[in-house]
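Below, chain A partners chain B and then partners chain C, in two separate complexes.
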Partner chain A sequence: MTAMVPSILPPLLLIGPLAVALFLLTLPWFRDSLPEAFATDKGSVTLLERIHLGSVGYVFLLSVAALIQVLSSGAISAFGDWLFVDALGAVFMMLIGVVGLMTGLYSIAYIRHDLESGAIDAGKVRIYYGFFSLFLFTMLLAVTANNIIMMWAAIEATTLGSAFLVGLYGQKSSLEAAWKYVIICTVGVAFGLYGTVLVFSNAADVLADPHQAVLWTALVGHAAELDPMLVKLAFVFALIGFGTKAGIFPMHAWLPDAHSEAPSPVSGLLSGVLLKCALLIVIRFYVITVGTVGTGFPQMLLLTLGLLSVGVSSLLFFVQQDLKRKLAYSSIENVGLIVVALGVGGPLGIAAALLHAINHSVTKALFFCSAGNVLMKYGTRDLRAVKGVLRVAPATGLLMMGCALALAGFPPFNIFVSEFMVFMAGLNEGYGWIMALCALFLCITIAGLVKIVADSVLGKSPETMAKGDVGWKALAPLGVLAVLVLTLGFAVPQPLSTLVQQATAVVMNGDSRPVVAAPWQTYDRQTYDTARAGGQLVTGSLSQTEISK
Partner chain B sequence: MNGFLIVNGLSGLLIVSSLLVTLAGNPANSARFYALQSFILVMLFVALAGATGSGELYLWSFTALLTKVILVPAIMYRAFRRLSDPTIGSGAVMPTALSIVGAAVALILCFVVASKVTLPAADAIKPALAVSLALFFIGLACIVAQRNILKQVFGYCLMENGSHLTLALLAPNAPELVEIGIATDAIFAVVVMAALGSRIFDTLHTLDARQLTSLKG
Partner chain C sequence: MITLPTEPLGLLALAAILVPFGGAAAIAASERASAKWLCQGFAAATVAVIAILVLSLLGDGKVGGTYELISFGSVSILGLVVDSVSVLIALAVIAIGLLVAVYSAAYLNAGNREHPDIGRRRYYAFLLVFIGAMTGLVFSSTVVGQLAFFELTGACSWALIGYYESPKALRSAAKALLVTHVASLGLYVAAALLFLSTGTFALTAIADLAPGMKAVVLLAILVAAWGKSAQLPFHMWLPDAMEAPTPVSAYLHAASMVKVGVYIFARGLMSAGGAPEIVGWVGSIMAVLTLVYGFFMYLPQVDLKRLLAYSTITQLAYILLALSLSVFGSDLAFKGAIAHIFNHAFAKTLFFLVAGALSYTAGTRLLPSLRGIVTKSPLLGVAFVCAALAITGVPPFNGFFSKFAIFAGGFEVGAHHWALMLLVVIALAESVGSFAWFLKWLGHSVPGKPSTTMAAAAPLPAGMKFVLVALVAMTLVSSSIAASWLG
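Up next is the complex of A and B:
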């Protein structure tokens, strides 16, 4: 294990959103002693928005700063290694930073609309922004935790932090969704706690210093000395526990309810980021388990659950008529595909899983926010009533069409690149039939997505519907996300491919550098040689300058 | 060895008290029985601290006394006392006798699993270890086989007590902060669940999980 560089950035990153959350949520207790602007709920909405923007902007900037430090000097840590950011954690930290910022910006227009339409009152606006920051904080804590008990506590805290966001509208259905979310996830995560406790107690027995036994980095270093039976048991518990939060079948029951009932920006955050944070914890336990019992046992479990998730969710996706529920099932499917890629293993499989996590995050956040625009415009999520979005709201229609094509895995959108890598890895490792099944299920999804485009985006708009798109404030953040979706689809940028390579090395617990690139990207000589030496199918070719050398 | 005998003996009482929590007629009574169970757990921690000579465990016993015996039951008692939904009775899906038989079967299965653990720390306390695992699953059953959403919260509390006990048994020297982290999280979980449960009751006038079925498919 290489030494970690002490850094002030991880605690700084956490303290901002936490402070904002505590301030906003406890505001009524000391409102009287604050300036005039806070005095009334109505007058303070603008102020609340500014504080919220400050919080999401802060998280974004700090995560970029932390990322730069990780890329230049390796893993950084703080508080006696209790907090750390390695390349693996940095991938997920960036997701929180980027998707948090975009859904945060989008929230402004969305929540204003809800306020004006009377769906929520001014007091709820404060609750919303307060819990939004708290939710960001808990997710950041989960990805920066090196202490495995803290990892568990943070994942548990993400549920508690976001439950009120899910139930924000206070209607029968949203309260029901919030309750299911809390109960299923806390119970699921209780399994995670049991798994964590098993690993920790086991390590506390083996390691000389029990204070070290709680650190993930120390556990990975001593994984070979742990008791195989206990570690297997712990992995099963952790996979059930954190897998519940990640939305893996059959523990996914909370997900469609929570995703569909939450305000759309939160749906984007849940699907885009929260599921991935839980996956990160699964990956961390996977690394320990591989160190103790080898790859066979964990990969078998991951492949089984991943394939089941893809299969079941693709069918449910197809028959679903509620737009946001449909998207929720698509999230389960994509998480399933990520889990399949992890189960396939090898450097390429791991890199494919990570890249797909990133790509799905951006795309799904965009899709949920576009669905939010539809909801603002049509007032319903029922696809039988949503017709002709392109005519009614051209920009939103275009965004939805792009999202649907991207999710279907068409080039030149980002999902194509990572799905291609997943299939390449699967075939490379000899899982032909599993990949064939996945491809079959993906076809069902494509059919469902084409149906969305054909019936709802195109189609004939209702005659009573007023033409005109939602405001620019709602469209601008989505535009940025759309640019990301396209850019990542043309080529994987250099810093990102380096990050994914380094993160893969963390998961493989050694130095292995898979090629992370779109199939049509050309390689320099070194990458080309690594790819061939690593047994990767080389789809790209050498660049002209390299050939002429 | 005497200390470990007390530990194993007390763990038996945990099973009895968990059944009382599960089968109590209303949530307020469950809160009382939960306090009782947590008190037994604290005594068990003290006995274990004496037997293993672990200073950390004495601290644990103290924080557990504050949080599990006093704070959490008080929160639940206060929140749940005013909420009652006579239409669902005890809310149990299974008959009482079957619940008890189920708990016994779970306990036997957990003994089988615990007997396979090879950690040296586990040698003297295998019965208690089996109980801790059983407690976890009784908690799970309490959630699955309960219609009263407030009593489902107690299921979570039982699961949490189970994992807490496993931790204490297998790693008596765990840093105090680990224990505090788990305890704080559990408090927040109970607060959030109680708040949500109360809102559901205020809005929908029911505590019946079977009424919460408008979202499907």
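Up next is the complex of A and C:
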């Protein structure tokens, strides 16, 4: 592990959303001493929106700044290495930045609509924006933590931060979903704590400086000295614990309820980012475990759970009638696929897992927000009642069709690129049958996605339904996400490719061979030969003119 | 930074792919009323592009080459292969695309007795995308390019089969998409294996594989081909796809979608530089099984379109049989297969468009109630006869010449393998049988006194007349074009 560069950015990144959250949530206590604008409902909502926009914009800008620093100078740290951002963490930090910004922008239109329709009142708006920032803060804390106890605490905090968002509408079903979410995740993450403590206590005995035993970077450096039996146990606990939060079968039970009951932008954030943050912690434990006991044991566990997740969720996905529940099951499936890719291992498998995590985040956030548009328009998520979206709201309909095709893994959308990479990694490592099974399960998902489009997006719209799309404020952020979905499918941009390559090196302890690219990206002879000679696995290919030469 | 290919051939091939996509975008951005005109305009422009490409390739001595597409700095995206085979098939794809576009404009309107419609933008846009995707597939020089366009044609056919949005149509559309997608997993396997062994997706790399791996890759491509070309065990989507508007059925069956399968297999074999015999055996045995099955499924059909669907299945089985026979060393069989792809495209389009014209004017396509077509509408009657004779391979129509080459090639390799000879003889028997069956319906429907349905038929729109005449001419001359082109 190379030395980390001290930087002010990680604490700066954290302090912004935290300050906003605290300010918004404690507002009633000192409202009287604030200017007039906070007093009236109308004025206060506009002000709240501005503060919220400032918060998500701040997170986005700071994460971009941190990313640039990580790419140029390697891992950065602060507070005596308690906080750090390496390439691996940077992948997830960027997801929080980008998806947080887009769902944050989308929230403005969505929450205003809810306010006008009377689903929530002005007080709830304040709660929403406050917890939105708090939620971002807790997730950022989870991905920037180097202290493993703090990692656990941050994951626990994300549950508390987001539970209020899930239960925002205060209806019986949403309160129940929030309750289930809190109970299952708290119990689950308690297992994670046990795993964390096991690793810590073992390391405290082994390491020369016991103070280091709490730092992940130190643990990875000394993984070989840890007790294999204890680490195996710890990995099982961590996988169950943080896997609960990541939505891995069979600990996924909270997920469909929470994702379907939450306001749509939050669903996008939960599905797109939160699951991935929990996965990051699983990956961090995976790195320690591999260092101690080798790849066999953790990969076997990951493959089993991943395949089960993909299989069960694809079937459950197909039978759902509630649009957002359907999407929630699809999230379980995609997380399952990421876990399978991790289990396949090898530099290609890890890179595929990371790329798929990124692609799925963007696509799923877009899909959930499109589902939010449907909800605004139709007032229901029941696919039996939602008909003819394309006629009622053409832009939303088009977005949904695009999302469905993207999620189904059709080229030229981004999911195709990463799914193909997962598939290739699997064949490369000799897991042909597992890949074949996954591919068949994915076909079931495609059937479900096609059904959404055929039954709900196309077809006749209800006659009473007023034509006309939701406003541009709701559509613009979705447009940006859609552009991302397409661009990433067309070609993986250079900085992203470098980032994934470096992140893979973190997981593989220095092996940075995969050069991540869309399969149709090709290289000239020199670049290609240099890469291959260095033992790199280039996922693009040699260009045509070079071959014919 | 984008740099386009500098060679004229590469540029033209790229234009042939991009013009239809541009047209689809233009349709999406304009009013419904102008959609059909834009569609025809862009399809015609694509024909112009491919015509120039044909001429410049001729001027080049039919050498062609492989061209790079768009590149970003040192990284470039996709490649194109321009040679006599790809240009010939692209010509059929694009020319038939134009004919179908013209025909559709006359078909999708309130005057249609079976499915009155207003001709939505969606239809024309997807039709253009379909043309572009199919052209892209034909020109692709990498397995991944093929895979991308393979899936894109699947998505287009899904949108078009489900166009009428009836529950049955939507179900059929989903079936087509899913069945072909399951089969496409073969192409995924082929792409991944090829890449892992050679480090590139270029089709030409198949030649460098070890024999065992080469067989696996080609068989994986063959599985994908079975799916798209509606062969056993993946044939079930095709008869259901008859829910599509008839011009779409014509395009699906003749020039795109089903031809994707045979084309990728042909391209794979061309690039392999000699395939292992196992590929030939698997391919030819499955082809003959499909042939026999398809023939028996003719017998219960009364809906003209469903009959044609099974006829497509058997015709594609001929092509796959010929391609498989070429593995045993018959160049004639390979050329016959390519020529048959070309010839069948025109003959089958004609037949479907006749079926469409019947449902447009008479409101039905059930054969028992269609009698005396030629008396009521001489052009339709003549077109029906030409189509039926061309499909069953009667001289002087085009089907005869390519089938003849296939059988001649078959007997050539059959002389060395009795089992192959047996397969060829079975295929020949099927050919005679299907001729007899089509003759039966021909005699029933075309001559004589018009039935009540037929007597009440409306006159044919001018657009349809033009397209039918053009296609009748092509059933006579297309084989000469193919023969002189392939040499």
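Odds and ends about this structure:
Please note the rule applied: the second predicted complex is superposed on the first by the 522 of 549 C-alpha atoms of A that agree within 3 Å, B and C clash if a C-alpha of one lies under 4 Å from a C-alpha of the other, contacts with A are read in each partner's own complex, and residues count from 1 in each chain.
In this section, contacts are C-beta pairs under 8 Å (C-beta built on N, C-alpha and C of every residue); 3 or more make two chains touch, one makes a residue touch a chain.
What you see is a predicted model; the values in this text were computed from it and never measured.
When the shared chain is aligned, chain C comes close enough to touch A:Ala439, but chain B does not.
In the superposed pair of complexes, A:Leu458 makes contact with chain C only, with no contact to chain B.
Contact with chain C, but none with chain B, is seen for A:Pro411 once the two complexes are overlaid on the shared chain. In the superposition on chain A, A:Phe420 makes contact with chain C only, not with chain B. By the touch criterion stated above, chain B contacts chain A in their complex at residues 116-121, 136, 139-140, 143, 149, 152, 155-156, 159-160, 162-163, 166-167, 169-171, 173-175, 178, 181-182, 184-185, 188-189, 192-193, 196-197, 199-200, 203-204, 212-215, 217.
Chain C contributes residues 65-68, 71-72, 74-80, 141-142, 144-145, 147-148, 151-152, 154-155, 158, 162, 165, 170, 173-174, 177-178, 181-182, 185, 188-189, 191-193, 195-196, 199-202, 204-205 to its touches with chain A in the complex. The touching residues of chain A, counted against chain C in their complex, run 405, 410-412, 416, 420, 423-424, 427-428, 436, 439-440, 443, 446-447, 450-451, 454-455, 458-460, 490-491, 517-524, 527-528, 532, 538, 540-545, 547-548. Those residues of chain A that touch chain B in the complex are listed here as 147, 149-150, 153, 156-157, 160, 163-164, 167, 170-173, 175-180, 182-183, 186-187, 190, 193-194, 197-198, 200-202, 204-205, 210-211, 213-214, 227, 229-230, 256-257, 260-261, 316, 319-320, 322, 325.
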